[in-house]
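The structure is given below, and queries will be raised subsequently.
To keep things simple, chains are lettered A, B, C and D as they appear, and every chain counts its residues starting from 1.
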């Protein structure tokens, strides 16, 4: 997610910034831009580099722009759900980019439908616009603030109006959002600081939980739509563990440094005698270096990775499809043969891929495999923006660590403790959401039952 | 380059094997397959995953197949030059895949043109087919052998006839070519062993310099079209240094191990006091680990790399194009800030990219930058299959190492010595071609002058 | 526009029926289909044969379907405006196909926007869905009837709900809509009878002005949402003159027969001594035969037409673009040279094309050109579904017939009289809308002024 | 086929001229252009408007151009066979466009293959280039003349060399080829005069049988490669009957006039009492008018035709595919119901389409159907450029006219006599090839048997 105000190359900057944040969503990509009066949109299914041609960028050429890359979900990708959403309402055009997940979207949608509103997507984001257009809100002096107070869940939002950008975060600060500034004075906003780096913008500060930052011709303005001090922050620790890019800082901490620390902590919690530390590419490399530094075991390279995996494989037969899985990682036989290995993983979700990799190391002649995971076991669903599969198919659900070890076929297995993980984070432990590991949700998502049942219906539609 | 004989999923295997060897050529990809009687072809510009759809693979379905990925050259990519070439001559259909470069292609073409032959490509590969079809050769009992004796330069070749594959290498063994076998007994041939790994084939042996290996319904047959003992081998050392995949073995040596050794040797030749060893992604990581192991300086991660660079950028304006260069590598500021760095590069060609990276490290706060290159300076052109730019724009041409250091903006710079590099290779030094480093060519390419002048004209057309 | 209920090949039937009615709209094509529970949609810009691939038809495979071809308008074609529109509202999914034009769309939209509704298209059709979803209507026993009473203008509508099709016409019956039945008993609805012919359906009857016909599992049901007897019918006479296909029957009359009669009447009103009657292809051929039969002058062929004009030309330079205009009609020099010609045109709008054709005949050696137009001069805009250009650029605006004759460069020119035209129609003259010829609109579109001003703003958006 | 020399918009002119001649070939389209030094090519499968985008025309921009539309054949369309062929031989580049069929292509190809030549297409045109490149010819002062004397069969050829166009016809003049001149003095050549008309070129004269016309910077030059007076002309009468566009003149006669005459002659040969003459669209309309004029029976319109058949249908199921056949022609029920019809066809090949149309007329209520075909029964194959199906599936093979009548389901059936047809042609009967009707071939294609057997093998490959 990215927005930039009043820059001659706003659209190119947005394109670059989306590309740098491609890891945050590969399902669809879109840009809306404004010439101060009229908003233009282009979006499509696929990667940023697949969706946009030079002609599209040219047609979008305008000094104000926001863009979005959408998360790949379990449902079939749908062009109508691609963001930014752009609609017309009584006050003119409005476009919205949303990162996060609204847990009361179903309820809100139901209410508006009963009032005669019609919906054209199955995305939870659409209700935000209906809130904005609600006469109760739109006729008030600060329609956005009034609208936001009705949302429950996680949301980092960019709202593009013809003449300004409004950037905001939920009161818990679950998803990141930061502000940057370019050499020419233009302000921009982004999910991660990597987006600022690639366009040579300097980091200004994070958008605060509960804050609305307006960027318009008079510069930057701040206001709060809630008293944020009444909320306990719940920054998503999984951004640190896996989701964000290592070179980014999110929640005021560099991700690479956090992962190095988690690797070191893992070495302290679960030491082992071995010849070589290797990482499962690519992200786990930070933690692997941390582990190696702490343990004194040399770090090496056990796999090579293809540079050409931008597009997925097309394999007409099952046999060849099985082989295709191997393509993404090639074991370097000579590096691991006869060695006692410490293998570092960032996190293990379903376990199937990890199991395959461990088998490949074994086939290549590894003498011992000691798997160390630089995060705790994932045993709970996320309702705030990470698309984990159903808990029933997580490898750690209903399995002890010993049973997981057996399933993965390794000689020993240790996960980082929740406490150890939080020790590596910059803020006090209470400021993070660890729900996927601990089951402790920052917002109550389970009662009343009826409401949750409704959500379930909606979740099928929305996520 | 890959070929496989008599396998129910020959075409899928070829697709996977080409994908695994995509680093050997990104300009075009093609497959020819045979049902023992009739050869079918499909080829296109782009990456393997871009060229082939499931429909194409289905239409190619046949038990015998060869495939090729073509090297990006300085000339404009041309669909007519994509391989395998497929033609009809007096003895029926023949398809050819060629890896290497023929230095007498111009002369041969001229001769055949004067005899009334017509040409449809500007590729040097086409003359091979004209040699095969020459009545002087085609009526002899072993037309291929007779044809090959007329070729000068480097060539690893796969010749597909409706009922067999012929695989051969030039007498110097400049480019690699190996034989594998699948569980069902089918034989295959590939440029690198990584292609065997991805299809679960076991490595049998290399095709020998000067050897022709025939794969047909009776299995594997070998013959030699020259007395190879009369030639001194000249295996391309640049395959070890940079070109081949680390998990492959070429010239009977694992590439990763060779690069580890080169890194260690570099540490011995050019030690330095520093806090951290980092690699310029991705290949240099092997050498970086070698340097770290030998020096005792911890290895770390200085850059993150995008996973989504399968397609190149499209940037309408120059300013944004400059920014786009940065996209491929993002410095992890926190990892390098305030540090004395040993930066490992595999090789430096033009120097512009390396220079940019060094600048990025400096901007991110690196205290000292000690660049160590795990190969000698490249100062000479290659006429045998590596597409270096014109020697005049190589950074090492006409510059001392000190001048290069200044240009790249680093605190110290050392290259691996030619002797040190050869020490890391498995065979005796005399068996490698080091021409790009040493200027010593295994085949005379400079006399007689007239001939070379002609070649020059042809080189414009061919390479 | 076409709909079909409960047929195993409903989607293919719809595809064929849209193709047969392609002359009714070339801007976009779309189909929605239902499996009795869930509606699926595919639409795109272009001709039916360009928009749909076999894969699309396969994905749409369902027993209930409606489809639409959209009229090319002066505004830029917009994928978001392509029909059928499909949305979700409180009662589930609904898809709408609309043929016609709503003159109060702007007012209705404004009202709903003030109530907080949001809009995603600039098409007038979208307000129909907002009316349906309005709690005032949707909670009544017959929401559709209540909604329709709020529409002003022309509309033949197909409303697809998951389990039924509702087909309706405005109280004036401005646009056609008929019912057919297939051999297996399935009912279908279509704008023109040609759509029934191509799928071997027999004509049952027209949907009546003010009637709603429901097709569901119990067959065909009829009701009236207004007392239609209180409205004077206003069938668009331009459907007879030009718009509908000659083989269709609309308003219970065969179009070819009507045009034959108009040609005969034209011969009675404006006889001339000549050698040959020729038609300007292709529609005018009916009238030309009528003129020839009545006058006794033999009918001949003066032009040949290209069979390959499905896609428009792409011509980079102006000079070549001018030539391209000639491509659609080639004069047969030998047929017209030295002849006194009666040239028959259906209607003349801008006059530029006709002028070009007359020039071409002159160049080819025609001795005399007597242009006879089988309809009256067009001098007024249409607000009910025919996309005439702005009246100011109609050739007949502000020009006498004599001045038009001069402009077109012909020896004599006669238009069919309004009375003569209406004599050829099957019903009494008062049952037709002749506004484009006579300026007499069936619905008041000019007062109150304020309202019309608003419409003007909306017209910019909608048409 | 079209060529133009030295015109600033040569490529656009070629595009237009190919479009105007699209009826001569729908399989592929291609253009080669030259800047006097270098020839550039673009070709693709499909219609002219599908193959070329503005970008292609821009890339081809050059003052000299030739283009070709290729005939749809029974074999699968093949991009490698699309014309113009462009190759490089000892004297540089050469491109060839060929309209016709070479009956000794197989023999020539065999001979060249034995000399070591390789072939890349399965088109008979490729041997022409091998003849040109043959040292025996290419070193003579007039290589083209020497090459042409070796060709047997029909050929109208355009040979593009970097600095000139050579246009030639076989000694029998089987296929047409004419010369035109533009206002700026540029010369052009085309298969049919319609191509001259659309670019405002005036007709100069036909290229003569056996003549080579060179267009270069010095204008137009003529020479003869054979003594044409020794050959009896054999102009393809089927061009007059069906193949050429009515507005063209071929063999110095306007096609429309010829067809009018054939219609009149048919009325004299086979009169009948009837109410209405109708044509089976579109070409038969000329003959229908002729029949009506002669018989005094009024001509009418029985079918309407779709304007949108540029692309063929895609119909996943058989049932819908059967319906799709109906799409191309819609009977106007009201025009034919209760009438005694004279139905005019140009020619009947397989009979299946005609049979379907007659059935449709019957279903629509025709009282009597008297089919009159404005050409004789086709009972023999064509080896000179018309792609009839195998004689065994022609409707007239092994059937008497009475049996054909029964099969087609009409009340009476008459064909035009061969003598009557030839009476309508401008030249003496002996100057036409009537082989498909009479079995009398202008060139012996049946002996010696061995040779023909070889041709049969080649025909499989080539046509």
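As a working rule, a contact is a pair of C-beta atoms (placed from the backbone, for glycine too) under 8 Å apart; a residue touches a chain by one contact, two chains touch by 3 or more.
All values derive from a computational prediction rather than experimental measurement.
Q: Select the chain at the greatest separation from subunit B, using centres from the mean of Cα atoms.
A: C
Q: Same or different: at the subunit C/subunit D interface, is the fraction of residue numbers used by both copies above or below half?
A: Same; most numbers are used by both subunit C and subunit D.
Q: Between subunit B and subunit D, what is the gap in Å from one C-alpha centre to the other?
A: That gives a centre separation of 50 Å.
Q: How many angstrom lie between the centres of subunit A and subunit B, each centre taken as the mean Cα position?
A: Each chain reduced to its C-alpha mean, subunit A and subunit B end up 38 Å apart.
Q: With centres defined as the mean C-alpha position, give me the subunit A-subunit D separation in Å.
A: 62
Q: Pull out every residue in subunit A that's touching 2 or more other chains.
A: In subunit A, no residue touches at least two other chains, as defined above.
Q: For each chain, which other chains does it touch, given as pairs?
A: The list of touching pairs comes to A-B, A-C, B-D, C-D.
Q: Using the touch rule from the top, collect the residues of subunit B that touch subunit A in their complex.
A: My answer: residues 9, 12-13, 15-16, 19-20, 22-23, 26, 47-50, 52-54, 57-58, 194, 197-200, 245-247, 249, 254, 256-257, 260, 282, 285-286, 289, 292-293, 298-301, 303-317, 319-320, 323-324, 326-327, 330-335.
Q: What part of subunit D is in contact with subunit B in the complex they form?
A: Within the complex, subunit D touches subunit B at residues 86-90, 110, 112-120, 122, 129-130, 133-136, 138.
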